[in-house]
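What follows is a set of notes on a single structure, which appears directly below.
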Amino acid sequence: MTTVAIAAAGLIASGGEALAQKKGGNYVFANVSAVGTMDPHAAAAVVDLEAIHHVFEGLVEMGEDYGAKPMLASKVDISPDGRTFTFTLRKGVKFHNGKEMTTTDVMASFERYKKVSPNAPALGDVASMEAPDAYTFVIKLNKPNSLFVEVMKTPTYSFSIVPSELKDQPGRELEPIGTGPFQVGEWRKDSHLLLKRFDGYVADESAKGPDGYAGKKTVWLDTLRYNSVPEANTRIAALQSGGADFIATIPGDLAKRLQGRTDVKVMSVIPFCQATFITHAKNPPMSTNRNLRQAIAALIDADEMMSAAGQVWEANPSLMFKPSYYHSDVGQPWYDLHSVDKAKALLKAGNYNGEKVVLETNNNYAYMRDSSQVLVEQMKKAGINVELKMVDWTTNQADLSKGTGGWNMTITGLCSGPLLGPQQWRLSLAFAQNPDDPVVTEGYAKMFATTDAAERKKIWGGIEKYFLEEGYMMKIADIADLRGMNDKYVGIKPYYMQRFWDVWAK
Amino acid sequence: MGDTLAEEGLAPRRRFQILRRLARHRSFRIGFIIVLVLTLAAIFAPLITGLDPTAMRARIRFRPPQGAYWFGTDNFGRDVFTRCLYGARLSLMIGLGVALLSGVTGAAAGIISAQYRRLDAVMMRLMDGLMAFPAIILAIGLAAAMGPNVGSLIVALSVAYIPRTARIVRASALVVRELEFVDAARVSGASSLRIIFRHLLPNCMGPLLVQLTFVFAYAILAEAALSFLGIGPPPPAPSWGNIIAEGRDMAVDSWWIMFFPGLAISLATLGMNLLGDGLRDVLDPRLKVET
Amino acid sequence: MRILRRLALRLGQAIPVILVVAVLTFFLMHLLPGDPASVIAGPEAGAEAVERIRHQLGLDRSIPEQLLLWLWHLAQGDFGTSIILNQSVLQAMGERLPVTVSLTLVSFAMTIPIGIVLGVVAAKFRNTWLDSAVMFTALVGVSVPGFWIAILSVILFSVTLGWLPASGYVPMSEGVWPWLKALLQPGAMLALFQIGFLARMTRSATLDVLDQDYIRTARAKGVSEWSTIAKHAFRNTLIPVVTATGIILSLLMGGSVVIEQVFALPGVGRLIVQAILTRDYPVVQGALLILAFLFVGINLLVDIIYTWVDPRVRYG
């Protein structure tokens, strides 16, 4: 059995900042809504995940570069046939209730996951799970999957380890006891969640410092409070007046209001999500006319779409974000072409006869609404018979995931797929439309069977090229999330979701 | 009874008298002119402005009111003045649609209640139930359920105003029913339908008409509020409400996008209210409650 | 005794009203496309994940079954739990009702005195320039879109001048003055429409009364105009004013929905709108039911005041 050690290196806290760290501080984070659940197995909303990852940990976690890094498991051994994964657990790790974490808890957590998590199908290929001793956990798959460990790192519907006695608690109602550096203090739903430093936290001493959600985490703050402040104006006012130390999601126009002040600053986290149009795989005319799809893709003008919405953005032809290993330029020939002439030529060659195309969008996200409006105008110029169907976000989402609503194309923001890697896309909605498409099924089977990373990247490139060339997905741009903070604390680094360990008061 | 049309019905000479009184009523005159000007502007929009309300020109984004762009341009580079003119079409049409639909349905409900006394209790409880719903929330729910188009919006807003119209028509119809000659007609065997169309309906027209003008005004305001909440007529077709809704995010820096359509709404509603006041003073001076 | 009898009668009539509201709300919500499962699952979840959540929430049961379940729980006083907020509907309402009530009180405090005074003044000086000016102002008040003037006001008083907060609610526990300051602008914007409405109604009611015989008699006897108005006219103007107040209260709900959105006040209006948009069935159904109870209650109160103020009033 070959041992493939997952790299344990992480980011080192810079020497200068490490001086004068002291315990203390009651940090306040004004987020866009209240934490709805602290059950890591059942949580997908970013607002919930922000808090959950301070309280829970899994066998592996996302590193600073978003790849899988060891956390509760010190190493993972993968068998040569890519079907057996042996996790060696760290010893002496304590839960918030004082109990030590062992394989019993790991087994119980995975079994609960299979029962309550909407993402349980991710464990669909698991043939068996074994606990040979207190610190070893073995998962056997019935098909090889070289990306399985990457699947384990997922921050959404996390494979967090919880005490075995909580195994039978229903989904979304788990008592929040984890191994993380913070523990739950007071939780008033729809108002605030108060986390406290867990003084019994057992850090991963083998790492040099914090590494994404993994590594050696040290908490300096006394408390961390998540407030629910849905209105952007109110969040900004809170930051300006000192009512909050950190605020989430500032609209581009309002961010201008904070310019010029020295005591607060705006942090741009990009890429945060990607704006993408999605084609319905089964509704004609787009499902049957390839030239029509490509013609519409050729009309996309990233600058016009993003500027109309006042959105901070970055060009990126790939379905993967730039920091990801799987990012490439395969999509460049079909990216941001903004050419009405090209579209017209494609339409003519494809015998487009004025069949109606329904573009469904929503009123709740400015960049989605405005990008759609721009595209509609361009489509009209190219002579396409297009109808814009404006609904609210909930309906848009439901129609997107179920395929209902009579839409030919719609728009959405994809956030975790582009970040976490190709394994994340397999079960996601974008690909779920084409469950039997051989490009997807065969491509993934090959990718999971290959142990060579470069080969996997090539295979993924083929899949990505297919979706972009065929016009099943049309990438617009990567968009940023603007956040605000004051200058009273040191150590805040941009990351997909904010972390508040290794943060201390000046 | 005094000035009601009860005894003589709508004889032509009587109608002419009413028109003359309206023309002399100051509020009515002013309101009428305002509404007329707005309607003409809406109808002749393409002649007044040569521009396309949905054409996007990225180079002239966010221009303040000056030169060729009387009301400035928006975030897509569209001319706000043109959009306001075309928006008038949609907003006024919605107002008219709601007034007519709720008027016809409400009047029917009210008259049925008044004429068929046994249905009255049920009808009125139903109306009460509808009224217990905050109008805007009912409209949000219905609009979301029926899908995003102007037709469903008109239906959604009408439903909210039907009970109020029904009450007014019912009250009028009840009064008329008690009049001697209607009583006589009933006793002499006139059918229900005859009573309704010959006596009840013509004599409820006054209060009904007054109510309709106020409903028209409310509907324009309600369409704006619904657009603001994100459930109004869908883009890109402009309505006064959705121009404001899209311009809200940029209100601090580009105030003109939001300012002018709001002014237009205020003007239209003002005109309708003045019209309604005039109609009420002339047609039914005893009617003081406008809802 | 009469009051008690009227109360009983009205209560009896109220029950079907509440039932109508309950069932109407239920069907309205379930007519809406989409469901809370897709909201909880998030934008990138596959259809399978959404289905699992639907099952967990009991949304895959038949509609009649869900309706009966809800009514059954209601009968036991259980208004259900918010799907999105994860707290009981009653608690969610309880946290937000004070905000809406505060807003209503502040705007009422402006509406009633200003509206009545304007109306009386206009009636007293009828057909003069003062009358026209006051009535024109009232007219503008009912014609201007509330949220539009609210945003303009915020741009002027909050962003440019910085006198008043642009948004947010300050509970009274943090001080009466901060609480009031935060509610001044939203309250005033809400009051604009109501003042116009009340002024117009008061004017015509006062005019009616001023024309009555007994007023002319008082005038002939030499009693001063103002004391005549104060003593006689006022009591009789009360009825239409109370009517108007009742109507205003029900209009308030609609107005407050928009104002709460503009000023980010966590009140009932906002709760309901958000709940509709996220398909949070228990919240919408429960909240509208509670509002229906309140509406019925207010109507009852108005009725009782009628009976008390003017024993001559008779209903058919």
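A, B and C label the chains in the order they appear, each numbered from 1.
Everything below uses one rule, namely that contacts are C-beta pairs under 8 Å (C-beta built on N, C-alpha and C of every residue); 3 or more make two chains touch, one makes a residue touch a chain.
Bear in mind the structure is a predicted one, so any value in this text is a computation, not a measurement.
*Asks:* Closest chain to the overall C-alpha centroid, by per-chain C-alpha centroid: which is it?
*Replies:* Looking at where each chain's C-alpha mean falls, the closest to the middle is C.
*Asks:* Between B-C and A-B, which chain pair shares more contacting C-beta pairs?
*Replies:* Spelling it out, more C-beta pairs touch across B-C than across the other pair.
*Asks:* Measuring from the mean C-alpha position of chain A to the mean C-alpha position of chain C, what distance in angstrom results?
*Replies:* 42
*Asks:* What whole-Å value do you get for the distance between chain B and chain C if each is reduced to the mean of its CA atoms?
*Replies:* 22
*Asks:* Roughly how far is chain A from chain B, centre to centre by C-alpha average, rounded to an integer in Å?
*Replies:* 48
*Asks:* Could you list which residues of chain B touch at least two other chains?
*Replies:* Residue numbers touching two or more other chains: 144, 230, 252.
*Asks:* Chain C: which residues touch two or more other chains?
*Replies:* In chain C, 32-33, 277 touch at least two other chains.
*Asks:* Hey, what residues on chain A touch two or more of the other chains?
*Replies:* Residues 364, 391-392, 395 of chain A each touch two or more of the other chains.
*Asks:* Which chain A residues qualify as touching chain B in the complex?
*Replies:* 251, 253, 256, 303-304, 307-310, 363-364, 366, 369-370, 373-374, 376-377, 388-392, 395
*Asks:* Show which residues of chain A lie in contact with chain C when the two form their complex.
*Replies:* 34, 36-37, 44-45, 116-121, 156, 170-172, 189-191, 230-231, 233-234, 237, 364, 391-395, 397-405, 412-417, 427-430, 432
*Asks:* Where on chain B does chain A make contact in their complex?
*Replies:* 54-56, 58, 61, 75-76, 144, 147-148, 230-231, 234-236, 249-250, 252-253
*Asks:* Note which residues of chain C are touching chain B in the complex, please.
*Replies:* 13, 16-21, 24-25, 28-29, 31-33, 139-140, 142-149, 151-152, 155, 159, 200-201, 204-205, 208, 240, 243, 247, 250, 253-254, 257-258, 261, 269, 272-273, 276-277, 284, 288, 291-292, 295-296, 316
*Asks:* Show me the residue ranges of chain B that touch chain C in the complex, using the header's touch definition.
*Replies:* These residues of chain B touch chain C: 125-126, 128-138, 140-142, 144-145, 174, 217, 221, 224-225, 228-230, 244, 248, 251-252, 255, 258-259, 262, 265-266, 269-270, 273-274, 277, 288-291.
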